[in-house]
Amino acid sequence: MQNIQKAFAGIKALDNASLSIAGGEVHALIGQNGAGKSTLIKVLTGAYRRDGGSITFAGAAVDFASPLAAQRGGIATIYQEVNLVPLRSVAENIFLGREPKRFGLIQWPAMNAEAARLLTELGIELDVRRPLGSFSTAIQQMVALARAVSIQAQLVIMDEPTSSLNEREVETLFGVIRGLKQRGVSVIFVSHRLDELYAVCDRITVMRDGRTVFAGNMSDISRLQLVEQMLGREIKNVGAQTGFVRSETSKAARPLLSASSVVRGTRLSGASVEVGEGEVVGLAGLLGSGRSELARVIFGADQADGGEVRFAGQPIHFRSPSEAIKAGLGFCSEDRKGEGIVPELSVRENLTLALLPRLSKAGVVNTQQQAEVVERFIAQLGIKTSDPDQPIRELSGGNQQKVLLARWLAMNPKLLILDEPTRGIDVGAKAEIQRLIGELAQEGLGVLMISSELEELIEGCQHVTVLRDGKTVANLSGGSITEPQLLHAMAQGLEPEDAPKPPTQPPTQSVVA
Amino acid sequence: MLSTDRKAARANPGRTQLLSALSQYGVLATLILLIVFGALRYTGFMSEYNFSTFLRYNSMFGLISLGMCFVIITGGIDLSVGSVVAMSSVVAALLSPYGVVVAVLGAVAAGGLVGLINGLVITRLNIQPFITTLATLLGARGMALLLARNQSGVGIDPGNTALTWLGQGDFLRLPVPGVIMIIAFVIGGIALRSSPFGRHALAIGGGEDASKLMGLNVGRIKLGVYVLSGALAGLAGMILAAQLGAGQPTEGLGWELSAIAGVVVGGTLLTGGVGSVWSTLVGAMLLGLIFNILNFENGKGIISLSPYWQSVIRGGFLLLVVVLQSRLGRQEGKG
Amino acid sequence: QTMLPKLAQKASYKVGFAQTESNNPWRIAQTKSMQDEAKKLGHQLVYTDAAGSTAKQVADMRSMIAQKVDAIFLAPREDKPLAPVVAEARKAGIPVILLDRNIDPALSKAGTDYVTFVGSDFIKEGQRVADWLIKNAAGKTNIIELEGTTGASPANDRKKGFDDVIAKNSKFKIVASQSGNFARDTGRQVAETLLQAHPEANVIYAHNDEMAIGAVSAIQAAGKVPGKDILVLSIDGGKEAVQMVVDGKINYVVECNPRFGPKAFATLKDYAAGKKLPAKIINADRDYTPQSAKAGLASAY
Amino acid sequence: MRGSSGWQGLLADLKQVRASILILAALLIFNAFFTPYFLSVQTLNVNLTQVATIIIVAMGMTLVIATGGVDLSVGSLMAISGVLAPLIFLSPAFANLQWLGILLAFILPVLVAGAFGLLNGLFVTRLKLQPIVATLVLYIAGRGIAQVITNGQLQSFSTPAFTYIGLGRPFGIPFQVILMLIIVAVTYWVVKRTVFGRSVLAVGGNETAAGLSGIPVSKVKLWVYSISGLLSGIAGLIVIAINSSSDANQVGQNMELDAIAAVAVGGTLLSGGKAQVLGTLFGALIIQLIRFTLLAKGVPDAAALVVKAAIIVVAVALQQRRRRE
């Protein structure tokens, strides 16, 4: 891909972006949120029309008119937002558009069997006839992977496939990637997790503001250089891996929230957590351990079947989020697209969505005050937007996340529940958000943070509560919050030594035969 | 996506199946109950004559509901079918002097053409189906009246008895329109269950962007469902003309709403992505049966229902069935 | 050719009445007249409403046949489509009497397929209006015609009757002819627009009372005097319209009386008694002129 | 701040719907040249009085559509309110208290229509019916209810105090036009400046997100359907006042189609999350002017339908092109 140009509503998303990938190589594509990675990929696969530039694939100039054309041309893609059809069965999702047919009719048994076989190879056993939507996001990611692998492609593109996978699943994924490589298939791998890039990638392209700013061998660039390239500036302090400044002495905080033995359906069976004023408390657990569920119950988005929640000393029972908000809670969902942004509304409206009642008198919004709040937060969080009136859907994922954080910070809450606040966010933005969380806590805000990133929990939290199968299984504090401890608690039964190793030491076994 | 997760994940598979069966057969059960009720209460209700009358009339609603079902499955809607029925009936009548084949194909093609226009406007100009087909609802009605030169009926060529047979004749003691409808449903059922067209229509309704990114030719399939809906409405129009011996430019007012109601009563969600051809058949027949029962009830002379009361009752019945449907459907999502 | 089924002489019959629609005052009055008469005579009236759909009317007829009523009154929505089902009724032994609209004589015949037709002649009604206008125009010759529902047979017939007569008279000119849907509100809106676009117009001919009454409002809204600046002509002869003739707002109305009940049931009785009936029993419809309206007001429907 | 308040905000909003303004202008220019007697106050009066009810109903429809719903029952609710009013002021109970009868005839029918609107809202929020289906119920049953109340009979009256809302002309301007303008202005203001208006857009744009941000989603929906009902009720009263008669069979016939078309031509997407109040105003005017033009030019009814269909498609397509550019 040479000198690709692409603009949305006059704003350049890609400006002279270039990318070249050799046969059989794993190529990292990296850049800050909004750098243009997803856009570049969509231009390549024909999901977007480019405004300029040329694309050569397998020696010939190509111009895919649609993702279908790209797929036929030998490019399989896993897009950033898991893009499958939840209502259709797992098997159908894998074979959609390529179903085995006889006399024009779909051969169901053959299709189901083949789907099951493909998934088994990825280490997953499930009923492929069930709707995809009844499985977790992680499983859905793996189904997307199975689909991409089963398309006999010359190039497989993965746009942030790991953002909702746990470490073991990431390992499986790496195995698949290596298998592809052995067959001479090239892979484009987009991720914000540097460790992962170094673990599997051969070469790398760094993008910034729609431009390609670096391309070279993975081994030729150090982490520090890489981050500098992404941000376009030098970083002095890269000692810590996150933006948290850990407050060493955590004073005995006044209790703010305490949830004890919360029960809900089969998802929560005795989950407890406590957060004090000015504390950042982490909520750890494997996928599906019930972290999000607990957060939703506390926030009144779901109703508990049992247990007790106390807030500021009072037993409370919020019947709806609005009651929780009135009491001083805020909740940032993990599903940005589905539960966070209102895509058609502007940044301004999105940012003040929860605040509106307070910005108004007798139901009439004070636009002056609204404008002030918005401007302040755009500046404070460094939200990249051309205009507060720009629809939020036009922002990159990371910037959308910042707007959502601002939505809650503007409320000046007593307790903020953040569900995966830094998922899919580039290192720069991530560090900023983490620093911000720390600062807010110091000012007295209580934070309950769900995170799948161990560093974040270790460096950012005064306490970490670990859930497993909907139950609280451990409470770690201060110095005892270490990686082995956490892993041990999350996966109880495993000795810390048996816990999955950091991905920097590649496992030998390959999943794909 | 996560919200769907959350709902579905709590379900227990065995129970889910039971409930989904219930919601599918709930409407069928209602239909059967109504038939039993009618049989016990009214003389002449279970006669072959009444059965055949019922099928002959309701076959047209069955056909447009079938097309509507496919459209709704993709998350769209087709408000033009009522007008298309009228227009195609006129086309069939006008073409009747040229033989039955020409008349039938002409009517179906005329309907398909409106469907093609719908599909092209929706996929190429990106105008929402509701608005597009609202416009063709007006346009096709206008064309019907223009073709009929404002006459209320355009007579079929009396020599074309084959065409008349398609509307008024019997085949194996079954009314021909009913047979045509059943054949259409069998093909439709297979198409939805096992043809790529049907599966892709379902996939598009479940996630259009995702389907596009997975390489489906979304535009062509959407075009396909609107052409199908138009063509089936054209077929219904041919039956209408054949049955009445004349093209009917003013017929079909509000039929689109009956079709939508039939599909919805059958348990298909207007949001797309799920749907069943068989439930649609049952739903359409159930709504037709209400008319039939109300006619018989009036004949008892115990209470004389004015047509006004009949619309109130029909509205209430629609509410009842749809609520039942959604209750059962929702149970499915709980654990 | 089979003969018409006989009807036994009974004190009380179960008779069907297949109405075409009930969304306008004329039809409502017709239905009411039928119901009142049935009640008076002690018959059971099985009433269906086709809601403006010929296909449904056919199905309605069939459900009456399935219920084995003694006889059927049918107000056919159209002339061709009802013929087969009339034949079916005969085969089922149920005599049919047609009300207010006829059936294509090529397809079905009075005395063999159905008993007789009771009603008015829509073409004639249009002609009568035109004849009156030609005699009483007093120099008013630019006509706006408010048509009934596009495609409806009374609309077509009333238009044909009127237009044919007018066409033979070169002094008169129909400057605009548009559908007002047989409804007062639409009639008013269309009249408003047409009066605005054709200020030269000085006659409005409406296919029914409802639209004529709407036109009167439109004329007033345009700052003119209905009945004087602009002549208003109509068909139906409901009380409200006749009152307007008395008030001078409408100039001429041809009656099309919907009170079918007495005549319909009398015909039924005659048929059962074995009397010989003519093929058509045409209602003796009056007309209302400024001179005759006052006298007729009390008996207008 | 840019484009958020005051005149600048108004300008920005007009810019958003400039396609519909251009189409309207084109229609006006065409008529000015080719339709005799077009440029007159009377033309303005005729068109504005005829379109007033459509616009009033379309305002409610705009809000409903903004939440991602649709209201098919508006015409039937107009009929219900239209049928009730004469029953009240003609009732012998108010023979000696005519002013009270008339006052109640203005208030009660509108409230009843609003209550039916609320019922629509309950179908949508409590029974979780999809809006098309939920409002289809009252579309079918509502007119039946109106007809049952009067047994289909037309009610005629001449009660100047009541018909004022349809025939009155304060300062020479038709009363219903003034009422319409007030309703448009209030709707515009509500959408732009109130928490309720912003909540409507948020609910339509992403219901889950709105709920998690503390917006009372169900309450917002109940309100929009109720408002749609109330406005339909007002429109019903105007229609019967103009005609000095109430006909349950006819009042509000096809109103849902006109109102939805006005909203769409005005540039509001039916998928929700947007409300172009001014666009709806222009959309309704466009549809009205097309009708006027076709009638005035003597285009027969049948051909007019085809032309109208084409123009709706073209207008909506132009609107969307602008949005995408």
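Note that the chains take the letters A, B, C and D in the order they are written out, and that residue 1 is the start of every chain.
What we mean here is this: a contact is a pair of C-beta atoms (placed from the backbone, for glycine too) under 8 Å apart; a residue touches a chain by one contact, two chains touch by 3 or more.
Keep in mind it's a predicted model, so treat the numbers as computed, not measured.
Asker: Measuring between mean CA coordinates, which chain is farthest from subunit B?
Answerer: Relative to subunit B, the chain whose C-alpha centre sits farthest away is A.
Asker: Between subunit B and subunit C, what is the separation of their C-alpha centroids in Å?
Answerer: From the centre of subunit B to the centre of subunit C is 34 Å.
Asker: With chain centres taken as the means of their Cα atoms, state the distance from subunit A to subunit C in Å.
Answerer: Here the centre of subunit C sits 72 Å away from the centre of subunit A.
Asker: What is the distance, in whole Å, between the centres of subunit A and subunit B, each centre taken as the mean of its C-alpha atoms?
Answerer: It comes to 44 Å between the two C-alpha centres.
Asker: Could you check subunit D for residues that touch two or more other chains and list them?
Answerer: In subunit D, residues 151-152, 208, 300-302 touch at least two other chains, as defined above.
Asker: Touching two or more other chains, which residues of subunit B qualify?
Answerer: 3, 145, 150, 306-308, 310
Asker: Going by the touch rule set out above, which residues of subunit C reach two or more other chains?
Answerer: 22, 150
Asker: All pairs of touching chains, please: list them by chain label.
Answerer: So, checking each combination of chains, I get A-B, A-D, B-C, B-D, C-D as the touching pairs.
Asker: Taking the touch rule as given, give the residues of subunit B at its contact with subunit C in the complex, in rising order.
Answerer: Subunit B residues touching subunit C: 42-45, 47, 49-50, 53-54, 56-57, 60, 145, 148, 150-153, 155, 168, 240, 243-246, 248-253, 291-292, 295-296, 298-299, 301, 304, 306-308, 310.
Asker: Could you list, by residue number, the parts of subunit D that touch subunit C in their complex?
Answerer: Within the complex, subunit D touches subunit C at residues 35-37, 40, 42-43, 45-46, 49-50, 151-154, 156, 167, 239, 242-245, 247, 249-251, 253, 291-292, 295-298, 300-302.
Asker: Touching residues of subunit D toward subunit A in the complex: what are they?
Answerer: On the subunit D side, the touching residues are 1-5, 193-196, 198-199, 201-202, 205-206, 208-216, 273-274, 325.
Asker: Would you pull the subunit B residues touching subunit D in the complex into a rising list?
Answerer: Against subunit D, the touching part of subunit B is residues 3, 77, 121, 125-128, 130-132, 134-139, 141-146, 150, 257, 260-261, 264, 269-271, 306-312, 314-316, 318-319, 322-323, 326, 330.
Asker: Where on subunit B is subunit A touching in the complex?
Answerer: 1-5, 8-11, 13, 190, 194-196, 199-200, 202-203, 205-207, 209-217, 273-274, 335
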